[in-house]
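Starting off with a structure, shown below.
The letters A, B, C and D name the chains in turn, as written, and every chain counts its residues from 1.
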Amino acid sequence: MVARKTTNATVTPKGSLETLSQREVQQLRETGSGSVYALFRQCALAILNTGSHSDNAKTILEAYPDFEIRILQQDRGIRLELFNAPADAFVDGEMIASTREMLFSALRDIVYTQSELENKRVDFNSSKGITDYVFHLLRNARTLRAGVEPKIVVCWGGHSISTEEYKYTKVVGHELGLRGLDICTGCGPGVMKGPMKGATISHAKQRNVGGRYLGLTEPGIIAAEAPNPIVNELVILPDIEKRLEAFVRVGHGIIIFPGGAGTAEELLYLLGILMHPDNRDLPFPLIMTGPKKATPYLEQLHEFIGATLGAEAQQRCKIIINDPGQVAREMAQGIHEVTQYRRKQNDAFHFNWLLTIDESFQHPFEPTHENMASLKLTRNQPVHELAAHLRRAFSGIVAGNVKDKGIRRIEQHGPYEIIGDRDIMLPLDRLLQAFVDQHRMKLPGNTAYVPCYKLAT
Amino acid sequence: MVARKTTNATVTPKGSLETLSQREVQQLRETGSGSVYALFRQCALAILNTGSHSDNAKTILEAYPDFEIRILQQDRGIRLELFNAPADAFVDGEMIASTREMLFSALRDIVYTQSELENKRVDFNSSKGITDYVFHLLRNARTLRAGVEPKIVVCWGGHSISTEEYKYTKVVGHELGLRGLDICTGCGPGVMKGPMKGATISHAKQRNVGGRYLGLTEPGIIAAEAPNPIVNELVILPDIEKRLEAFVRVGHGIIIFPGGAGTAEELLYLLGILMHPDNRDLPFPLIMTGPKKATPYLEQLHEFIGATLGAEAQQRCKIIINDPGQVAREMAQGIHEVTQYRRKQNDAFHFNWLLTIDESFQHPFEPTHENMASLKLTRNQPVHELAAHLRRAFSGIVAGNVKDKGIRRIEQHGPYEIIGDRDIMLPLDRLLQAFVDQHRMKLPGNTAYVPCYKLAT
Amino acid sequence: MVARKTTNATVTPKGSLETLSQREVQQLRETGSGSVYALFRQCALAILNTGSHSDNAKTILEAYPDFEIRILQQDRGIRLELFNAPADAFVDGEMIASTREMLFSALRDIVYTQSELENKRVDFNSSKGITDYVFHLLRNARTLRAGVEPKIVVCWGGHSISTEEYKYTKVVGHELGLRGLDICTGCGPGVMKGPMKGATISHAKQRNVGGRYLGLTEPGIIAAEAPNPIVNELVILPDIEKRLEAFVRVGHGIIIFPGGAGTAEELLYLLGILMHPDNRDLPFPLIMTGPKKATPYLEQLHEFIGATLGAEAQQRCKIIINDPGQVAREMAQGIHEVTQYRRKQNDAFHFNWLLTIDESFQHPFEPTHENMASLKLTRNQPVHELAAHLRRAFSGIVAGNVKDKGIRRIEQHGPYEIIGDRDIMLPLDRLLQAFVDQHRMKLPGNTAYVPCYKLAT
Amino acid sequence: MVARKTTNATVTPKGSLETLSQREVQQLRETGSGSVYALFRQCALAILNTGSHSDNAKTILEAYPDFEIRILQQDRGIRLELFNAPADAFVDGEMIASTREMLFSALRDIVYTQSELENKRVDFNSSKGITDYVFHLLRNARTLRAGVEPKIVVCWGGHSISTEEYKYTKVVGHELGLRGLDICTGCGPGVMKGPMKGATISHAKQRNVGGRYLGLTEPGIIAAEAPNPIVNELVILPDIEKRLEAFVRVGHGIIIFPGGAGTAEELLYLLGILMHPDNRDLPFPLIMTGPKKATPYLEQLHEFIGATLGAEAQQRCKIIINDPGQVAREMAQGIHEVTQYRRKQNDAFHFNWLLTIDESFQHPFEPTHENMASLKLTRNQPVHELAAHLRRAFSGIVAGNVKDKGIRRIEQHGPYEIIGDRDIMLPLDRLLQAFVDQHRMKLPGNTAYVPCYKLAT
């Protein structure tokens, strides 16, 4: 490991952390020394490392073993003291403004999450309670702005894509920005960065100085997918389910770019919600797009949706190949319909209250072998419930592929067994095989892919 | 009773009530129907009646017997529906912007207070807990602004003063505004309005568009002392003690104009705090001033302070007679010292954390005959404790003079007996007699004043 | 003469005088020493004296005989050095912001006027040329703002009116401000101040921070009618005709309050323009109003218009007695029609290009006895031409009453002889007599009024 | 020629063209039909083509042979009507905001230039007169902002450079932006674009929304070097000498990147000015920099300066190789010194009045064979005069290489003869040969370079 250049520094907050009561300062200090310290340190390190493209969580943490961050009380409020911090986060001894902002965003969100938990105010046992919780987290982060016309486009897709696909996401972002639309992603590299980069240029061309680049992340991902420097609003949600809910509640439309099993999981999450009977008439523009070379990928996904969830599900998701202008035009049109609908329903522009999210999508799915084996991949249930089970299947596959806990489970007990109706399992098999063939099943290291699952009927 | 012109209307909020979670909307609706409804209705009526000079709480409430205000839920948030509201609050059918703003300020503060109580998060049993509570109320009202240089001057004094005294407060306000200072008062007529009016003109002359006119009130007073229309920040604190604490924590200096027993109570509150050993070295500009004719009043008060609390207490309170320019210059200079002190101590500009307020000043004093009789008006105690007891004495006299409960107590049990050392009781007697002679003991109606107290040694 | 407190000071400019070329600085320095110096000194003194209510031009100039103002060059631009300036214009040694602003407005306008003259770019011999000149003066003063909706209400009337009339103008201004309208006057006391004062309060109530208080003056008047401190845009037009044109080109509606012969002259100026055939279909709200006591005055004026210019002229000028709310509502409605008309015609909101102003209204009228005697007050001409002659008649009477040159002419040659048709001269006689009876013929000093005119048929 | 997609459209102005007098509208319409029409059409086409990287002036003009642009009068002002305009300048039928802005910048500057000429107000026969002219052009374009701290860095260099050199300019721009500095270039591709692109990203990182990207061009260049879309202030100066003066008067420091003979000309222009005795003590940071591979180029230029103008000239120009951070730090430090100097001298921050520019640098040099042959490249003159002659030599070579007129002259009369002292001609020969060897002598087409000059001693 090469020694990195480091620096020590003191920074004071901007924004909502500027006016704190003594009780809150006390809470923060406890954060700085107590059990959530490791979490904050890890997020802070990821943020300070913004822009160092090639790192993953582990290498970052290893590269700065003696990095420390302390929260100090002073009568006027708090300040952070950093030791052995990555030197690249500073210019002539002063921390770069966006880095400083994100650092305090992380602190803000971690403290708020913690304090809500201690409060016992949140009702985690009801769908409404969880939705309120997500709302409060986002409002506390000042993400929800009353009266602003709908214009947030969520972009989903892989963080590790081909150069051609990456360039395509930039052009799409550019076209979205030309039409005044803002970008929201998961805030790492790849599809999380390309559309923001494109929109930055086109917002400048349109003399639009208030462009929003919203990054929604969670503690488990931020280290691996550090917020790219374009992100100008960073929110750290407490877990993957709250983050997914945040996406669909603040976004006014969603574009799906090429990705792997994770992207498939996201698509199934969204379709599972949109196929819920309550949501059938809700306008929600959803477009799948990619460059010419991505055609086979997009078609396979489309076919899979058709074969498992049916034609109606297929129709909720428009496919546009290699036409960024058309993607942007249709998204703008779709968001226009969302605007009119919300106005008619008197719903908020800043939060999609009318979207029903079944509780099963709000609680985390734990991919044990038992849970995976008992997924209900059969026809004798409403389509949106089948979608929920399929999403869990992909969630398990992602875990078995790349997450610590999942990998250990596979090592101990062998591949997951996934069982279901033949006319569901066959398309699933084809799709998974295609991911493997197209090298979209990304593994740590570059070894050939050995499936972590067996399909059975 | 003459029938007043009324109107029906619907208004939607601006500001912090624009983005509400469904839980919060639910809470609000309960407010609209539940036990705090009467409170909100009363505040709303006072606000809608802003600018109707001659009314007191009772007459306002009686003038609009069928006034109603309902909180309605709609998906995008809330809206208020008003029935039989005072027509003067509207122009061509639209509510005047400042009235609408204050209406939602009242709702905001009442809801917040209520929700904090239900939360059980506030520690009402410790001085720190109460101070944190006041801080959170003010922050929720967006009164606390980080980074703004100290410039809030609190003006205390009577709401019913002579024309000459009223004009004098306007000139002082004008001089303060010329020097860039903002005004904070209890938000009714008289001394609560004059300085704001003067500063409005001088802020305009200095092309200062961000001038703040902060009104701090509480539910028991707002109806009698409706916020004057210049107030552009209204905060409703839950009771008189929280309101007094708010004044001394957000104000950077205090000016005392002529007034009655209530003003004497306020002065003793402040001196009681400033004489606390912890606060001895804390800069806190305090000026007593009035026009030439008010000289006897000011001198009497000054002598009383000297005779009871001593020379040191006298010295914390500068007297300036008939020289508005000098008042403003000394206040500006005093606030300059406050600024430097806070900078040195790293204390917040927006909240005076360093000021120690003894718990005895934070809990309400209940003026029963027993409590009044057991006030400790003796020399054998620290000066700041004597001040606390003297304040309670005045508080009781105010209650016995004008407050419902106090008046009934006097009717039942005769005048309060106030007992103390002779060299305290004599100056007290002289001061009270002077108030009577100068017609500063205001009573409902215009009957001759019959004292509600007997002094004994 | 009591010695006034004076002070010396140096001030630097804000706004358009901040970036000057060396040629322009040179020009300015010449201004400071050359022939226009006396003009600038006089305007500066009037501005520095803002708020000293009782002074007229002569007493001001006499009160500060050794006042001097010098324009100094420095590489970065210019600065003004003042000697023996009125001390009231300063707070703790620093000039009040609005005074400083107006001082540089005066310099800006005087220099621009001068430079346009030297330029020989202005075509003073064509109506279009003069209108362009007025436009350029106003644009240079940044009075013309593209894209702002019409909302400027011009208020005309006397600077010396009864207290009741003054209070009425304040209430009307308050009602205008409640409806978001801005005020433009001739920037002295009386009717020039009242509406601005009322609107200041109502703009604050409506949380309207961009309220405009436009004062249009000319060098001959500014000393006698110093801009009141509410004026936040001051423009000094070169003479009375340019100033009148500026009023009708930037104003979107006009209200006429009680006044004397001068006000009658203004009304005839405006009717003379509105009766021009080109302007017949042009919407231009014009309201005459006053408190109850002013009824006789308003009715007399109205009758006079009817008797001389006819019913159509009467109808262009609505009379509303003692109903400020109604005045404001009708003005708002009238301006709404102006807005729609300009939108339809694609005319600018900021300058009334479509209004035809006959050249005879643009050139000054010199009231010699010969010119007065040859006024054509007869029926055998278009109504708008008769209006022009009547305006000149009043202009002459004003001059004969109060202007130096006019008074001297009357002393030398006796009263003006004004000759015309009997059915014009009789109403004129009645109107003038009424002005005398109501003490609206104001004279320097308080001597009884001796008419400066004789009417003949 | 492939047919390009075109569109018709109407656009209305923003900014200073919004409030026009009728005289000015008339002028503009004459512009639209008169002799300057061709000029405006050409600039407009270049601007509408922004972002089409590969085009040069001729191909653009040929690609849109039937493009037309008309200035229409409407009462409210003007509007532009475009026929057969490049479709890429529009999004869904609406012109991109920056394009529209630049279009009206071009109109503004062309009209102003024209009107100043007609005015006969400019004194072209004095150095001061020309400088005032440049000042007025820049002020009219709102480039000069009073009170803003110095931070404009001019970047000079080739528009056609290697990818490595281009990337280097981006990194330097990024480092400048991190330190809050703004960028000014000649507004085409290559060095004109790279630093702006880098600074865009770092300004965003530093949350600096007011970053300025100033592009100074002239009609003869704009078509070939269309403003890149990042430029947010475009000024079209009337000729190359005014443009060079604008650079050195508004820039607070200059960085020279690799380029060809044109860049050498610019360097000699600047050194010629800085070596003027009046300017010796004037701080003016000047840095030459490039990536490692550009070392030979930079050293050769440096040596040439030493050999011809001497060590003092060498010392005014710091060389930094391959260290963008160091370039930015030294530039920031240099500009800090400029700030202090101007403050001390009371000079404007927005225009370098104190810089003496000899008249010989202000008038265009016409590169006829006769003028080239009579250049005085000898030692017996002040160094800054030698620099002036050397600059003219390079100016001629540029013309002989690429400009229409120059090329025709060479065809007719053979290569220029340039005569001078041996110890000047030898270094010149070496430098020119190096340019040829490094392919920095760019020619239209890709033929081998045949020198347009002969050196003699």
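Simple rule for what comes next: a residue touches a chain if its C-beta (ideal position, glycine included) is under 8 Å from a C-beta of that chain, and two chains touch if they have at least 3 such contacts.
Labels paired with UniProt names: A, B, C, D = AMP nucleosidase.
What you are looking at is a predicted structure, and each value in this text was computed from that prediction instead of being measured.
Shared contact partners of subunit A (AMP nucleosidase) and subunit D (AMP nucleosidase): not a single chain qualifies. Separation of subunit A (AMP nucleosidase) from subunit C (AMP nucleosidase) in touch steps, taking the shortest path, is 2. The equivalent interface to A-D, defined as the listed pair sharing over half of its contact pairs by residue number with it, is B-C out of B-C, C-D or A-B. Per-chain CA centroids place subunit B (AMP nucleosidase) at a distance of 45 Å from subunit C (AMP nucleosidase).
Between subunit B (AMP nucleosidase) and subunit D (AMP nucleosidase) the centroid-to-centroid distance comes to 64 Å (mean Cα coordinates, whole Å). Note on chain placement: the centre of subunit C (AMP nucleosidase) and the centre of subunit D (AMP nucleosidase) lie 49 Å apart, centres being C-alpha means.
With touch defined as above, subunit C (AMP nucleosidase) holds no residue shared between interfaces to two or more other chains. In terms of which chains touch, the assembly is arranged as a closed ring, every chain touching its two neighbours and no others. On the side of subunit D (AMP nucleosidase), the complex with subunit C (AMP nucleosidase) involves touching residues 18-19, 21-23, 74-77, 119, 121, 128-129, 131-132, 135-136, 139, 144-147, 342, 345-351, 353-354.
Looking at the complex, you find that subunit C (AMP nucleosidase) touches subunit B (AMP nucleosidase) at residues 91-92, 96-99, 101, 178-179, 200-201, 204-209, 229-230, 232, 329, 332.
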